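Here come two complexes built around subunit A, the first alongside subunit B, the second alongside subunit C.
Right after this comes the complex of A and B.
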């Protein structure tokens, strides 16, 4: 028994080295690396290229800029109709208000409740959907139980199905087991809707590993779960990182599912944000609204700016489903 | 590499149980349920009678549904075309060995990390007729400038195009750019020797080679079009009036607001069939190509 464990560890080491090499190669393939730059003369064509890119960059940055400056201006300044002007009286009051006292109808508790609701939804949903996706991908790549291929094909079609065609029956089913409008309910829903992409992601990753690795582990006497936990999972860090980025971003940004399934006690931040801004009572506080919008976008934006190329890899692998 | 089936242990079957349940119950089961409800006279609660296609007949004589179909068609064509063109141009221009490439890519893609709700709300503010861009134009002395599309019945749907194109064209850029970087350097050398201008190489040689990237981008964008809901709710709530109504929102309103699940189910089956009609052929072509090894 001890011998087997040692052997399995060795296989794992060899595999990890192989995987690192593969990953280095994959990095070059999946991420666009710039071609070596030569010193190019400032021809009119070059200037045109830069003019286009700078103009485009300004267009893409404009909403972020407007959002930021609006969120730190007092309302008197906003009423002047100077959308693009920098604030003359800088204030963080709108941010404080957005976080803890902005109103949705009669309740004025800000968006902080939504923030924590989103955290409570995102963390377990991400973990659960990745765990199931990884096991699915592993079983599909190496064990291939009868019928699994067909299930997988149907699951992939599921990625394209408009949610609307599933929503009502899901509401009824969840209601019948008392999970509708509850935290476990919305977590289950996110796990179901995340399953196609997560399964695909892990299946593709494991399918690219050398089969010899798996065979050697089998000969060493590894069973289904032991090979998964001791050999495959330790090699899966890169794909798990991509999966975490995809799921956290996707679930955090979800609106429709949270609106229907989470229930009023667990509304995610996107739904609360929309309620705050599109509420019809009282004067519209644009500075508070923009601060709340930034607060809602901070998590996915931070993840994007920190993870950079990993985020792009997620897009590339998510896009495979097309 | 052909993998032979292992002696599959019981554990493997247990492991895929969640997937099997999800596929059978959550995907197939719910779709069958919806299809069944769509041929019944259900209103607030599902009825077990059979009324043939009468829900579909009612659906296609419903003004609001027809309007939402028209809107989503206009929206879809403009959104997909704009995203593909802008994304392709950005990728090509970035591919010209420019400075600060990483920074530019980051700028073009960051909106994609934001939710459609946030996107809709930001653009709702920018396009606000009292204090937004229109007012800025007035302040600049261009006093009869008109840019109040978001409150204009005929133009509201275009504001949703603007906002979502801003959000999603970076995605197309990222896909196209990795396609461009996969183009063989030899092609560029050959073209240079033959004296073919760069823009012609892009148009006539490189673009056709990007076929797979384009079809991937198309499918992703198409799915976004069918699902468009969040951005509309956040930006215009389907208004002014019902001017920017879309099918996904129509279905949600009839499911939960108007409690007419028969009609809503018929509408979602129409939506489902549309998606399958567009996506399935693309899938088929791609698999065939892969099978032929082309």
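Right after this comes the complex of A and C.
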């Protein structure tokens, strides 16, 4: 009804048609009458809201602007100290340098090594932690083994103890099984630390599904893995998307665990970025540093842009609600 | 075809005893309805037969074999849920064949069974649709189809029609009855709808508080309820109840209270009466004879408080010394509200219950 009225509004005899529609609607009480058009006048309250939103947006976008502008300026322009000015001689040289030849300590191979290290850490860690979290959540919601409540409580405790408190014991444990300073070691660490939140996320998602679905599958003869793989997993797309976003951004942005557990061969991009910025040979190359920083943040940024809607939904639906 | 025998069944849910020492014998090929108000344990009983709820004591036999601890899939049962419980990511065909695919039935056999079930339920054009694109009635048909495809000996129904609108419910009810004839499987059907129970059941078990109150044919349960609960649970409007005393006077038995006196000599007492006995007299509305009472010995007068026109008949509510008495009037006689009218009780189908134990006398 609404859509019809709005469409007719644009035609020449809009008023008449709208009036007819309204009359028809009034005659039939079951059809809701069209909502009166929203008042779009610039009231002081509305101006205030927009002023606040614009100010907030500017405030948060300003650093990004400075980073972008600085990264495409040659050093001569940067030395002038005009932080907000647009570049006069546009150059992509700092980006190339940041990617392939910026120096971290003694080596000058740029940040690309760190990028590929991060990819090598993020991909398996994300897949593993989601797989384990999904199975955990499924088992806790549907199979309810003896002591499931206790298990879940212990798992949740893991989510709330600060990571820093566990680092030293974990170093000792990993060293004793020869996984310290290795790629499998850091992947294992990320998988373990991702498990509580992933379990919570999937448990809550599965808890919202009707239990009768599971019962029907049990009568059909489905076992633990068949029900999970053929019934539950195909229904889990929304929550998997959310989990991927949470894990990829979380693990990509990790600095501390990567620094401690990855070892010098597999340092993630965040650690490499820090090394580049802290390595100075005479002059501080602000443009290269800015380019390296943007390169490092591109993966989570892209993910947010592609799937911001899903991300918010996931936080609202699973991770916060206990 | 298998029989189902339940012996001394006890079920605890979260520490509460939902069912305590329940016995029920369902014959092979029988259509049995479990009827009761919500929370009476009827669904719990059904799910324990299906193996979805663990029993704490007692035995469940299906087809002569002890199935108390068997896995749901090994019991030779199929279950239709109230909420349909269709797998949302699979189309109708995949939904029906899921169980068969799991146990490795040959493809040709799966195709044969699915097409047979879809023919029975007119699901042919819908086979490739997802459950989200089906109406409520179609979904429940698919759920029933999923049960048929299993070719189970015992089919269990957990309030399968209560999510549907009234018209569809009557339609599917008839189809279910037809289906039972065609398949010949044993069917156990849970509902809180007495019309469904009366029309479908060969025998029905009326339950309350985890206890079977009466297990008999719908006819016997309606006409000779075992206790006051069964009497009032069935029938619409409910049975009219009069408190009083019954007394043996020589060869005659008389029910009496301050306003009413009914000769109940023909009543089939379970045990012979001696002296006076406090009791409740129950009379179905159709056994209240409204308007023709003048001149009949037991006729009394009451004022008409409300008339409900039902089309085929009228329900007349009478104010009889402060109690509301419902009577069903089939003929076209003139009845007006606020006017006095006489009524009498047709004595051949009354029920008498003990005043204290509420059991049938």
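Rule of thumb we're sticking to: the second predicted complex is superposed on the first by the 278 of 322 C-alpha atoms of A that agree within 3 Å, B and C clash if a C-alpha of one lies under 4 Å from a C-alpha of the other, contacts with A are read in each partner's own complex, and residues count from 1 in each chain.
Definition applied: a contact is a pair of C-beta atoms (placed from the backbone, for glycine too) under 8 Å apart; a residue touches a chain by one contact, two chains touch by 3 or more.
All values reported here derive from a predicted model rather than from experimental measurement.
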| item | value |
| --- | --- |
| Fit or clash - subunit C, subunit B, common subunit A | fit |
| First (subunit B), second (subunit C), both or neither touched by A:303 | first |
| First (subunit B), second (subunit C), both or neither touched by A:127 | neither |
| Partner chain in contact with A:234 - subunit B first, subunit C second, else both or neither | second |
| Touched partner set for A:218, first subunit B, second subunit C, both or neither | both |
| Partner, of subunit C and subunit B, that touches more residues belonging to subunit A | B |
| After fitting on chain A: smallest Cα gap, subunit B-subunit C, Å | 7 |
| Subunit A positions touched by subunit B in one structure and by subunit C in the second | 218 |
| Residue ranges of subunit A touching subunit C (in the complex, touch as defined) | 210, 212-213, 215-222, 226, 230-231, 234-235 |
| Subunit C residues within the subunit A interface of the complex | 47, 50-52, 72-73, 77-79, 81-83, 85-89, 98-99, 102-103, 146, 150 |
| Residues of subunit A that touch subunit B when the two form their complex | 30-35, 37-38, 40, 46, 49-50, 52-53, 56-57, 59-64, 66-67, 70, 78-79, 81-84, 132, 135-136, 138-148, 151-152, 154-155, 157-158, 160-170, 172-173, 192, 195, 199, 211, 218, 223-225, 249, 252-256, 260, 270, 273-274, 277-278, 286, 289-290, 293, 296-297, 300-301, 303-305, 308, 311-312, 315-316, 319-322 |
| Partner subunit A, residues of subunit B touching it in the complex | 1, 3, 5-6, 8-9, 11-13, 15-16, 18-20, 22-23, 25-31, 33-34, 37, 46, 86, 89-90, 93-98, 101, 104, 106-118, 121-126, 128, 130-133, 135-136, 138-139, 166, 170-171, 174-175, 177-178, 180-181, 215-220, 223, 226-227, 229-230, 233-234, 237, 248, 251-252, 255-256, 261, 264-265, 267-269, 271-272, 275-276, 279, 282 |
